[in-house]
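These notes concern the structure reproduced below.
Just so it is clear, A, B, C and D label the chains in written order, and each chain counts residues from 1 on its own.
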Amino acid sequence: MSLADAFADGPAFVPYLVAGDPDYESSLEYVEALERGGADVIELGLPFSEPIAEGPTIQNAIVRALEGGMTPERYFEFVEDLDVSIPVVCMTYYNLIYRYGDAEGPRPFVEKAADVGIEGFVVPDLPAEEADPLREACDEFGLDLVFIVAPTTRGDRLDRIMRQVSGYVYVQARLGTTGAKSDVSDQTGSSLDRLSDYDVPKAVGFGISSGEHAERIVRGGADGIIVGSALVDIVAQGYENDESAKTTAERLETLAHELKSGAIDGVSQRPPHSERT
Amino acid sequence: MSVDGKFGDYGGQYVPEALMPAIEELEDAYERYVLNNEDGFMDEFRTRLRDFGGRPTPLQRADRLSERYDREVYLKREDLVHGGAHKLNNALGQVLLAKYMGKDRIIAETGAGQHGTATAMACAHLDMPCEVYMGERDINRQRPNVFRMKLNGSEVNPVTVGRGTLKEAISETMRDWATNVEDTHYVIGSVVGPHPFPSMVRDFQSVISEEARTQAREKMGRLPDAVLACAGGGSNTMGAFAEFVEDDETELYAVEAGGSTLDVDEEAGVAPNSASLTTGSEGVLHGARTRLLQDHDGQIMESHSISSGLDYAGVGPELAHLVDTGRVTAVNVDDDHALTAFHRLSQMEGIIPALESAHAFGYLEEHSEELGEFVVVNLSGRGDKDLESAIEETYERDIDIAPNMDEFTGGL
Amino acid sequence: MSVDGKFGDYGGQYVPEALMPAIEELEDAYERYVLNNEDGFMDEFRTRLRDFGGRPTPLQRADRLSERYDREVYLKREDLVHGGAHKLNNALGQVLLAKYMGKDRIIAETGAGQHGTATAMACAHLDMPCEVYMGERDINRQRPNVFRMKLNGSEVNPVTVGRGTLKEAISETMRDWATNVEDTHYVIGSVVGPHPFPSMVRDFQSVISEEARTQAREKMGRLPDAVLACAGGGSNTMGAFAEFVEDDETELYAVEAGGSTLDVDEEAGVAPNSASLTTGSEGVLHGARTRLLQDHDGQIMESHSISSGLDYAGVGPELAHLVDTGRVTAVNVDDDHALTAFHRLSQMEGIIPALESAHAFGYLEEHSEELGEFVVVNLSGRGDKDLESAIEETYERDIDIAPNMDEFTGGL
Amino acid sequence: MSLADAFADGPAFVPYLVAGDPDYESSLEYVEALERGGADVIELGLPFSEPIAEGPTIQNAIVRALEGGMTPERYFEFVEDLDVSIPVVCMTYYNLIYRYGDAEGPRPFVEKAADVGIEGFVVPDLPAEEADPLREACDEFGLDLVFIVAPTTRGDRLDRIMRQVSGYVYVQARLGTTGAKSDVSDQTGSSLDRLSDYDVPKAVGFGISSGEHAERIVRGGADGIIVGSALVDIVAQGYENDESAKTTAERLETLAHELKSGAIDGVSQRPPHSERT
């Protein structure tokens, strides 16, 4: 299934986990649990040692995954081993993409990603200005390149990004780094307004942690919700409390359900004027 | 971008989208105030550097080293800058720029605390609130610098994620910036990070070579045959080189920290050195493409050096480019030789150098005959901050010229 | 004696006979080299002060203090001199003079270690062997400075007799000198001791006021209304005042350490202050007649100050004379106010002052309205040496502007 | 007895002790023991807190005496309490002389000293150049003013000092500070030669610790020997070992005997050419 398909019918629920957190086998189970919980796309983090865009929750997940032995090679195996039918988007930092294989440049990484069935990329430290080589490789191998749009992104910059984006656009709900929040930022509404003229699915992320958030976001016009830290928190708790992977997987599935249902409820509550074409 | 921020393939702006507006605003401010001296920014900067910072610093003939190496050895005395290192040149420039930009909050990262203290001083001087991110491990190792920052009214925020050193502190400061871009300026500590930082920090630091070039002409009637500077991120290096880059007769040597060995332990993700120019490879870190210490996969390695100011896995993109093009020669000096040079300069010239700067003197000792008749060494900072390390590290080694350490083994 | 070495009734040469030939030789050398620039001595001295010492030091406008006190406050930045205080001006002059005199060994006393480190630096720079006498108690309190001296190749000789502080160290150094007069020069650390020391040290230090006077004219078009300097022995004081003494429009304030109180405990032989100008009486100590802290019988009292550099029971005879004649106003600031001023300057101007210098700022805070429109404060040294004391002393007091000390109470 | 008388017949033995070391009573006994041992003059130290001309032995004695409560007033009482018939010379630093009484200047001190029977002064930190006020007070009250001549004192300086001196001249045997030495300095001979034209008794001190030293010094032409640290050492040992004052006094007397005998032997051994007129 392509990313476009995943957003085709109704609001998409896009969960994020770090591959290999806290270990390879559990992590496989967790991703599969998310699919069961209703995920439409999975953003699967390939851990990088200097994750400058992440808040503490995901930083710690990355540390766990790295200590558990996660590498780009293992990551590709992981994707192959995953028993899911939803599209997988690889979220990582540019250096790992750039360094993969013996050549400098993104092509070998993209080729390999295509090979294992990855559908697209999100690269938080790669701005549109530096993205041409990766864009070209994605085009060559038929992958999408998702970009993040921040509350501060306007005018020319927004155009430049939207010209490059494919699959969906990642609408960053607030300034700062990733991390679950107990409220939802008001910046989301105006971000979505700014994007209303662009014809690409808009998935909102950063800080969503409950079905109620999901509902509000979708009601506000989002085509999908991206949820990372709230899920990673469950993995972290499981790890710290020595839960069985099964228990953690069940809790992930439950939260996934809640989030997905929230999103669906959000659609039905949309005020008439915010209907999209 | 009107200036592209590229040095060959290096440089660029590899930052989260949330930072791009701030970076663009900074680029604009850089062009207006720094490059075009709008509102007399550069004049005010230079005046403050002189009056508050203590510039110009001398270009001093090192009499005994000159005799030892049988050539003219001159020291560019950045150790005399307020705060004890070249770091203030940059910190003062950026904090002042932030004021011109109307920002009302400063953040900075620091490793050993030198950049943090310089920024704290500049902020107190210019009445700007300041928060400094510092790895928890570094906080414990560098308590005097932590205390100095607090005395200057700055907050010091411990960074507990990861190993708690400079790399993590930079990442954390970028996160704060991404959260507070609108009112906050991030004062980065070296010629690293996304454009315009590498160019801007170089411009603030290039006062070093601007002075040195004039002073060399005054004292020796000519330009030096060689300029040596240690290279961590490379800000004192670029500062000491910038105005000489066009002078073909002057060789430029960037002296990296060779640490304990140049060999890398890929398995453990550890490079027991900080020689990213010598042994690193191209990659993207902290906003720029440059040379890095990274493993086969592209994960950044833990670097190491006896001098915490050189202990960084990356290096400024412009410096990396100058090395690639052959204009700058990258060399390195290991911990032992740097420490010996620390003792030598202390004893022979009455100047206790920063362990960082001692690397440049270590190279001079080993290779003086190759350096021509007139050598300038950039003495990037003073060593008062390094007394504890010097005791520990000297005690572990057998450095014949060192004073007896016995009574100091318990620390100061 | 061709110059009589008297300042009114003060001064003179109250030394053991064994020292008289050395004193006479020194007088002769002082006249020839210092006063008459024989063999270009003064030229070489000034050049070395510039290149090695980092002179001239700035006269910096303190923007925030100027605003606070609603007058022009300028700082003479002796904290930027190599080594971190004005002490090098004198040490370099004397060690160079010893070289011109053909001496081949240097001895010095030190209390807090500032003069000792300055002398050790000058000796390393000029390739002279150096031994520094230091009270055992001071050695234990000032370990970083002891280590710095050793790094510079000096020997540090502990003085165990008596209470093991500066007074005893001076006496002990005089004894060494009396034993080794022929090849040894005693580099005294302030404008104290027998003639020609008070005059000679003043002449070496007067570069401070020479520069400040010119700088004041450049910056403000006129001379200051007041010059403030802290006074221990009085060398930074005399250095900051010397060139202004003839300028009637400029008031001169010598700020002594008021310690915890000006009251004296005669019984215990303790003066809990170092205010010999304010509370002392005439007497003879360490080779000169001057004002002293002494008991009824003439026994010298233990002085006290939060700043070890002011902690001395005597004061330079010329300064005592200038106070007696009314040209200099002697005032004092107690430990609490000095410490508060230390924090204030650190926070408001980004300069951590020596606790000694902080006394001058304490006076400014209390009496700024009396000081005219244009005030120069001599910032005699930087406070890096005082971090440990600042922690301890701040913790004991309730200084509202101080940062939270909790995490530092165990020391650095 | 005047100082001149004390030197009149044969070599004079001039011991030094600090008054009140380690306590008032013992110290009285010690001085008296020295007289019994043959002392011709006693140099009695009035302790000053900054004794810049003393070596460690005497510095420590001064600390003991000060801690024992010695003051100028007590010192004068001490002299009055002393049961000796030999002349007492007061050895102290100028500040105590200068500060005594309420006036600044030496006169009150000298007056009081004369009053209690002191015959003269040695003031190690008072050079001839600064000595006029003290000299005048001494003249007024008929006291002698002894000066120290160092191995380095020559020419004009020597003349200037010798013009002021009275009682005897204190010939400093070596550079440095006081302190017992195991050999005798060769500087003594040439010092005595330089002084041979001056008609005042020459007492040599600094470092003399045995009868043999005393003998050599006198053989070399000295009119007297001054011994301080070697005697003070005995006091210190007694103090540290908790000896009775009587034992210490006996040991002092014994050493005094040895020194005095050495001095006497020295005269008889003088080579003919060094005979004085």
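As a convention for this text, a contact is a pair of C-beta atoms (placed from the backbone, for glycine too) under 8 Å apart; a residue touches a chain by one contact, two chains touch by 3 or more.
Keep in mind it's a predicted model, so treat the numbers as computed, not measured.
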*asked:* What's the farthest chain from chain C if centres are computed as the mean of the Cα atoms?
replied: A
*If you average the CA atoms of chain A and of chain C, how many Å lie between those two points?*
66
_Mean-CA-position distance for chain B and chain A (Å)_ = 37
*Using the average of all C-alpha atoms in each chain as its centre, how far is it in Å between chain A and chain D?*
97
*Can you list the residues of chain B that touch 2 or more other chains?*
none
*Multi-chain contacts in chain A: which residues touch at least two other chains?*
none
*Determine the shape of the graph in which chains are vertices and touching pairs are edges (line, ring, star, complete, other).*
line
*What residues on chain A touch chain B, complex-wise?*
48-56, 59-60, 63, 66, 71-73, 93-96, 98-100, 104, 124-127, 129-130, 147-154, 157, 161, 172, 175-177
*asked:* Touching residues of chain C toward chain B in the complex: what are they?
replied: 50-52, 54, 57-61, 63-64, 77, 79-80, 82, 84, 120-127, 143-144, 147-148, 150-153, 343, 346-352, 384, 387, 390-391, 403-404, 408, 412
*asked:* Taking the touch rule as given, give the residues of chain C at its contact with chain D in the complex, in rising order.
replied: 1, 12-18, 20-22, 24, 161-162, 167, 170-171, 174-175, 178-182, 269, 281-287, 292, 294, 296-300
